[in-house]
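Take a look at the following structure, please.
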Amino acid sequence: MSLCSSYKPNYFSIDDILATEERLSCKVLQKVPRLGFMDHSSESKDLKPGTKLELSFWLAYSMNKSKDPIASIDIPKYYKESYREILNADACAIELSKWNTYFYEFGLHVAKFDHPDCEKLPELLLKTFKSRFRLVMDWAQNQDTNPMIASQLPMLERTIFLSGRKSKEQLVYWFKIGGGGIKTTELIANHKKRKRSTFIENER
Amino acid sequence: MEEVDEVVEENAEFLEESDEDGGVTAQSVLQDIENAWLNEKFAPEILPHQSDAVECMLQQISHMEDNMKSLGKGSMKSLIHQMEINRIRFIISSYLRCRLEKIEQYAMHILTEEAQRGREDGYLSSDELRFAKDYLSSIELLFRTLALQHMPNVLQKFEIETMTVKPNIHAHVFLRANKRITGIIVPGTVDEEVDFEEGSQHIVQYSAVADLVKNGDIQLI
Amino acid sequence: MFGRRGVELVKELDQSLDSIPPFNEELITEILEEMQRLYNENRIDVNTRPDDHETYLSIKVRHAVLKRDKRCILAYLYNRLRRIRQMRWEFGSILPPEITVSLSKPEVQWFDSYSKCLATYMKSIGDNHGLNLTSDLAPPKSLFIEVKCIADYGKFEFGDGESVQLKKNTYHLLPRSECEQLVRQDGCVLLSPRSLTVNCKRHCERKDQETKRESLSACRSL
């Protein structure tokens, strides 16, 4: 019995923590004393203005989002105009996970910055998703699709694909068997498999 | 064939028996529970509880089990009655399990909302409320033991605002209108106003129809 | 370091979706130590240079790291609890030792406390009528199921007092509701799901020919 599973990240959400760990280029605007170690290439005790750094979103956001920002940010190239053209041409042909595994989730966070390129970002994400969704759905519904194809998809699409695939499998099983079968739960089956392989390892 | 007909008739009569108040039959209670079960499965948030119906149905099951004892074990009638009982019990279990899952997932959020409603209007039964409180305090205790107490003072707080997990009430749901409903506002880039004909089916954001689900005008499917 | 270790904790869980990895006390301690260090540095700065704008910036950055560390640790604990919770529903109220060895003591205590919470609730359902929510997990299609025992289980007692010996490689016809747990927890293996027909056939062998034929056709239409 699964509950409504639309994407809604929360404080404890693993995907959200990983998505906010993705990095952006930043430039330090003000001197920050005693934090020079953040710049690996410098020996300085203090973080100097003008230093270029790659920071995770969560840190970049707290350093940028205020009336007096500590650092300016540059949004990743795949959310910019030139890449937008590529997506408009044929979003389905791109292996999005190569650009960023958390393409959509990270994009939603990046859109919060006050940067000119961020205005059109939500629209871009929505458009990309709409054009690719049909492809993901077809892959999920077709039983001959190689499940390894999921690794080519960014995380949001991957979750949808895997869940679509699982429900297709359940439907097919139900048609064949007619429901009512009791199966060993996946958790326990995997647990036993692991026990067996550990046992074999120990015997060697 | 005759025996089966007899059993089916007996069952139907049994379920159609009204209670002393004269309005409610076991069959209608079962239907109410089935509807509540489906609504609960598909609604993102927890819905008002149906403990009265559940209690009533469980008592019916007890009656049926008592009646069965007189039929003798292994008779055709008892097998069919047993099947019926198993199926009713499954529906009730599934319904209550779904609610428990939501209570666990959204414990903080649900308790905050319940506190704002009067005891009479609460969505949780008193047993569910107790479960929710116990569950939440067990989590707080673990957090405190393994992490919070070891953190600097300023960060030891269990921050309700940031840590509350909320259901996504904007998720889309499939529904069927039980009667004609006008003036539903569908949010979007442009808010649209639509009407639902009786018996029609739609996909719409849950937030647009939440109240209608709770008052029975709409059935989630 | 500086806020990067927290993510490693979270990644451990992301990489082991169907099990629970051993409790990483070492990494948590490391992160807590970083938090204490950062907090001390902030405190020193606040006390020694309270009005310095640049120092304020350092404090702000360190605070962001503190919050991140806290989030990672709590998310790690929370997601582990969700998995432990799932185990109560799948393994039952006693966890196998291979699992408990991966849990910290407070987590084992949490499991017991959750079991108790759940049991109290289940007993109270329907005005203290009681209902075991951990059974009836799938819609019942038949009353009995044929099972093959894949391990020596011993004596299995039914609700009505009758019992059966479950020895390895034996076949049995058991009431579905009573042995559902066994099949899910891998003591037995489901053999034939369409067994209402089978059961009816056997049951009717006791009755005369005519009744048998009628009952069989009734079963098929159910």
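The first chain written gets the first letter, and so on, giving A, B and C; residue counts start at 1 in each chain.
One rule holds for everything that comes next: contacts are C-beta pairs under 8 Å (C-beta built on N, C-alpha and C of every residue); 3 or more make two chains touch, one makes a residue touch a chain.
Everything quoted here is computed from the prediction, not taken from an experiment.
Visitor: Could you name the chain whose Cα mean is nearest to the mean of all protein Cα atoms here?
Guide: Central chain: C.
Visitor: Tally the contacting C-beta pairs at the A-B interface and at the A-C interface, and name the larger one.
Guide: Higher contact count goes to A-C.
Visitor: Quick one: point me to the chain whose Cα centre is farthest from that of chain A.
Guide: Using the mean of the C-alpha atoms as each chain's centre, the farthest one from chain A is B.
Visitor: Centroid of chain B to centroid of chain C, CA atoms only: how many Å?
Guide: That gives a centre separation of 22 Å.
Visitor: On a C-alpha centroid basis, what's the spacing between chain A and chain B, in Å?
Guide: Each chain's C-alpha centroid was found; their separation is 33 Å.
Visitor: Using CA atom averages as chain centres, what separation in Å is found between chain A and chain C?
Guide: 27
Visitor: What residues in chain C touch two or more of the other chains?
Guide: Expected reply: 74, 78, 138-140, 176.
Visitor: Can you tell me which residues of chain A touch two or more of the remaining chains?
Guide: In chain A, residues 11-12 touch at least two other chains, as defined above.
Visitor: Can you list the chain B residues in contact with two or more other chains?
Guide: Residues 94, 97, 163.
Visitor: Touching chain C in the complex: which residues of chain B?
Guide: The contact residues of chain B facing chain C are 1-4, 51, 54-55, 57-59, 62, 73-74, 76, 79-80, 82-83, 86-87, 89-90, 92-94, 96-97, 100, 104, 127-128, 130-131, 134-135, 138-139, 141-143, 145-147, 150-152, 154-155, 163.
Visitor: What does chain C use to touch chain B in their complex?
Guide: Those residues of chain C that touch chain B are 28, 32, 35-36, 39, 66-67, 70, 73-74, 77-78, 81, 85, 104, 106-107, 110, 113-114, 117-118, 120-121, 124-127, 129, 131-133, 135-140, 143, 160, 176-177, 199, 203, 211, 214-215, 217-218, 222.
Visitor: Quick check: in the complex, which residue numbers of chain C touch chain A?
Guide: Result: residues 2-3, 6-7, 10-11, 13-14, 18-19, 41, 45, 54-55, 57-58, 60-65, 68, 71-72, 74-75, 78-79, 86-87, 90-91, 96, 98-99, 138-142, 145, 176, 180, 183-186, 189-190, 193-194 of chain C touch chain A.
Visitor: Considering only the defined contacts, which chain A positions touch chain C in the complex?
Guide: 11-14, 17-18, 21, 30-35, 37-38, 56, 58-59, 62-63, 70, 177-192, 194-195
Visitor: Which residues, counting only chain A, touch chain B once they are in their complex?
Guide: Within the complex, chain A contacts chain B at residues 1, 3-4, 6-8, 10-12.
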